[in-house]
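What follows is a structure written as structure tokens; I'll ask about it next.
Note that the chains take the letters A, B, C and D in the order they are written out, and that residue 1 is the start of every chain.
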Amino acid sequence: MFEKLMNIDRRIIFIFVALVVIIPMLFPFSLPLNVSEPTQKLYDYIDALPAGSTIMISFDYGPSSFPETEPMAAAVMKHCFDKGIKVIGVAVAYIDAVPLADRVMQQVAAEKEAVYGEDYVLLGYRPGEEYVILGMGAEIASVYDSDFSATSITEIPMMQNITNYDQISLLLNLAAGSSVEGWITYGHTKFNLKIAAGVTGVIVSQMYPYLQTGQLVGLLSGFRGAGEYEKLIKAPGDGTKGINTASLVHLLIIGLVVIGNIAFFVQRQREE
Amino acid sequence: MIKTTQWVAICLVLCLSVSTAFSQESAAPSNVTAVDTPNDDGSSITIKWDAAAEDTGISGYQILRQIADGDLEEIGELLPAGTTTYVDSAIEKGNIYTYIVRATTETEATVDSEQTIPVKGTGEWFHTGKTALFIVMLLFSATIVWNIYDARSGKEIFVRRIPGLEAVDEAIGRATEMGRSILYVLGLGSIGRVATIASMTILGQVARRTADYETPLRVPCIDPIVLNVVREVVKTSYIDEGHPDAYNEENIFYLTGSQFAYAAGVDGMMVREKPAAIFLQGSFAAESLILAETGNSIGAIQIAGTDSEHQLPFFIAACDYTLIGEELYAATAYLSKDPMFLGSLKGQDWGKVLILGMIVLGVALEISGINWITTLLQQVN
Amino acid sequence: MKQKVPLVLCFLFGIVMILTEFSPHAASQATYKEIANWGRVISPFVFVLAVVTLIQTHWNRIQRRTEHWQYSFVVFAGMLAMVAAGVPSGPQHPAFAWLFNNVQVPMDATMFSLLAFFIASAAYRAFRARTFEATLLLVTAVIVMLGNVPVGDLLWPDAASNARQWILDNPNLSARRGIILGVSLGAISQSIRIILGIERSYLGGGD
Amino acid sequence: METLGIWIAAILTLCIYSFLYRDNPFYRFAEHLLVGMSVGYIIVITIYFGFIPYAWTPIKNAVTDETARLGFLTLIPICMGCLFFARLSSRRAWLIRYPIAILMGISSGIMIPNALQTDIFAQVRGTIDPYSRIGVLSAFEITGAILMVIGVVCTLTYFFFSVEHRGPVNWLSKVGIAFLMIGFGSAFGNTVMGRVALLIQRVDFLINDWIGSIF
């Protein structure tokens, strides 16, 4: 029996993985989730902003990494629209981030009845990462003369009172790559722009040094960060669903490793 | 006889002049210099001045610039108090500039510094900040070249055992016995990647062995240039072994240039052709595990090797043998026994000795408060 | 002509690129930018060659009726569909975008998501405490996995995520540094060999 | 159109997942379609984002605009690109060595100083740097810094090839392997979340967007 268990057909493992992902999707449940400090910090910062202020979200992820970062964008934007905070969307790292950003912005706007051009705007992508960040510090219009659908920035109502980072209360960088470093080096250090990050699980550990030094005012890490933020705004969504499902898959893998090792040791003892 | 009123007037004038002189002295930016910014392309001038004492009430600085005999003009925005340098990067080649630093006080009064001597922006041909980098580069190059020539002179060079490379012959032998093919995947890298070149050299060695046994060697490519070079490499191996007829160009082909489409195609080849041995050598990204797990599922002997450190865990988990990082490069020396590779491997080891020395010395110096090494290694743009 | 001239060209361009790196002068920087851009100009031409080889490969399959030759028509159909939708009026055309979003992206994403299954089966098979090294591998993987999900903090309050962070910052970072240092020494030495014309394997051998 | 898109995407998604069971005609169809479409996609992208902006436009501007005459320099790489077509003739095939050699020279030349600076200088500096602040570090951080040096030194020792691994070298490289394994284990564990996220997204698409649209 143990020998069989050790050389189990991989397709049985595949079935387990599939079940562990499908079942929570059909019968949602929720595991307890403690809000971590970096998430709480970001929430508190945004929560303290007066109505009418503006934050900027930089969408720096592509189609291969949006599942983790998109729920963060949705949760933060819901919070902003509830509080009357305006949102500017930009993309500095990936050209294919724009349709993804457009999609999530439209979804949240429809739910919260926010109006394009007045409550939020998507400026789109411009090449040359650090030059875009530096350029906007002097004047946003020098980099983005129009939004992503080529409407002139002068015709967008909410951009009338915004010239540069001085009118931006926070930059949230949703990243799957190294764009956070760019925003810190050029946006924070040079223009004193307040920066927060929401990143995929794989690059979370690179963010901690910036959090310690205060260069980041807050941090959302992967599904977990999105789930925590959803808990804070009391609107469970894809992040909560994601972290629950992902927890189960992690437990499944750990369980498999444990079973595999028990079988291995029993087998070895018998052979001896 | 001097009248009282005159005395009063003189006293007033004296007081005023002394007070203005005093305030000028304390508030006007001192030691203002403007020099061509060192180590740049000649497109900027750096202006420096001494920090004002704390109680002078200065709220900011404004830089004024004069081009040749033109008028003084304000440039840039008001700089915050405490600033002591400004880089003017809006200059034109050939023009001569002079500068004045104007201090603004909280009461909005302004005091100007003296005008600087005229200066011109010039580009430098050598970046002095990169001297250390340049010297280390020359030293390392010399070490490599010297070791290669040393190896070519016939000196025996030892290479440590690399687990996995002994399995190459075993893998090829097994494929021949079973009458199955060998699949060789060079990864996603372009021709400029070191891992790709190392992989091509290993492929050349594998092809020599398959030429003798007439085992089919299948190479799906993702990069068009690599495809062309690989065809030449394999063809040469077959010719060198005296089996030019066994070479079949169609076995080396372009699959697609897109990462996951490539993975889908190679997976399809694996399950359909069931190669007995699979080589995954080169630079890889997320598709590494898709390939390695599928290869494992068909029971092929898998020998992987990559310098993409993020993908190593997956190869280690799913393949029989994995060449870790630099082992991939060393494999070329191990398999070919070419003095060029052996010599440069030895040169690289000397490089490691140098690095280890720098680390140990650097740690010792830093603890004793001397930061020569960290300054030497400072990042320069 | 066949071997010497290319090697001389390789040497000249290599040296120019190295020297411009050390020279901030405007002339050097302009040279650097111009030459570094060449790769982008050349790649479309090389790609033509790749497409020609692809068409040849599949055409041969169809002609020789090798196994599964019918699927080569699928390759041609997919390629032609994208070219017909995209080449005449550019990638902004709705038909091209539709094909990309509804056909290519889902397949690409699904291929990528196969990794979730494979990572589980690879972990099951490979993470056996056979040797001391294998045990280290499996134990750190389990700790880091636990630290990544909130369940970890429930089972092992506060410690799981801290342990994960410490492992990633310390032993993980030093191992990666070791690999990177070795790899870049190898990369530099190979580049030196190529520029000096000692390494010629990329020319494909022969005379 | 949108419903059709969802149906096609869902069916193709299932075709690819069928590979997990075993190779079958559905997977073969999806695989070949993906290969074909990806090549078609790259053809379009190469024309519009490669050939037109980097080869066509500079030449066109150089012809029409007097201030852009430097654009004629682009003719050099264009000619190099054309040399690749020599591969199509068996007698002139060797001509492709010219552009390949030039490209190799360029990439090697760029590589040497950059690898030296960002990989070697910066990594060595990062290892030494904590010791400059040794006075203000906590005992925990000092342990980390010491461990870092041990880890780097031992891992690097593992990569010594021209020395036999005996005696002290053997011991150091054994410790190096231990560090490598811990590094690999943590990288493996840390990647699970990202991969699972992709699967969750696909399953979410199948269940909510596709099956959800039926009922």
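Note that contacts are C-beta pairs under 8 Å (C-beta built on N, C-alpha and C of every residue); 3 or more make two chains touch, one makes a residue touch a chain.
Quick caveat, the model's predicted, so the values are computed rather than measured.
Located most centrally within the structure is D, per distance between chain CA means and the overall CA mean.
If you compare A-C with A-D, the chain pair joined by more contacting C-beta pairs is A-C.
Of all the chains, the one whose CA centre sits at the greatest distance from that of chain C is A. For this pair, chain A with chain D, the centres built from the Cα atoms lie 22 Å apart.
Once the centre of each chain is set as its mean CA position, chain C and chain D turn out to be 3 Å apart. Centroids of chain B and chain C (each the mean of its C-alpha atoms) stand 17 Å apart.
Residues of chain B found to touch two or more other chains are 130, 133, 137, 140, 191, 194, 225, 228-229, 255-258, 260-261, 264, 272, 286, 293, 309, 312-314, 316-317, 324-326, 330, 348, 352, 355.
For chain A, residues that reach two or more other chains under the stated contact definition are 10, 14, 17-18, 21, 64, 201, 205, 222, 246, 249-250, 253. Looking at chain D, residues 16, 19-20, 28, 30-32, 34-35, 37-39, 41-42, 84, 87, 100, 103-104, 107-108, 111-113, 116, 120, 124, 127, 149, 152, 156, 159, 180, 184-185, 187-188, 190-193, 196, 198-199, 201 sit in touch with two or more other chains.
On chain D, the positions that touch chain C within their shared complex are 1, 4-6, 8-10, 12-13, 16-17, 19-20, 28-51, 54-55, 73-74, 76-78, 80-82, 84-85, 87-88, 94, 97-116, 119-120, 123-124, 126-127, 144, 147-152, 154-156, 158-159, 176-193, 195-196, 198-199, 201-202, 205. By the touch criterion stated above, chain A contacts chain D in their complex at residues 11, 14, 17-18, 21-22, 25-26, 64-68, 200-202, 205, 222-223, 238, 241-242, 245-246, 249-250, 253. Considering their complex, residues 101, 105, 108-109, 112, 116-117, 119-121, 123-125, 127-130, 138, 141-142, 145-146, 148-154, 161, 165, 168-169 of chain C touch chain A. Per the touch definition, chain A reaches chain C in the complex via residues 8, 10, 13-14, 16-18, 21, 31-34, 36, 63-64, 99, 201, 205, 208, 222, 224, 227, 243, 246-247, 249-254, 256-257, 260-261, 264-265. Put simply, chain C touches chain B in their complex at residues 18, 21-29, 46-47, 49-51, 53-54, 57, 60, 67-68, 107-108, 111-112, 114-115, 118-119, 121-123, 125-127, 137, 176, 179-183, 185-194, 196, 198-199, 201-206.
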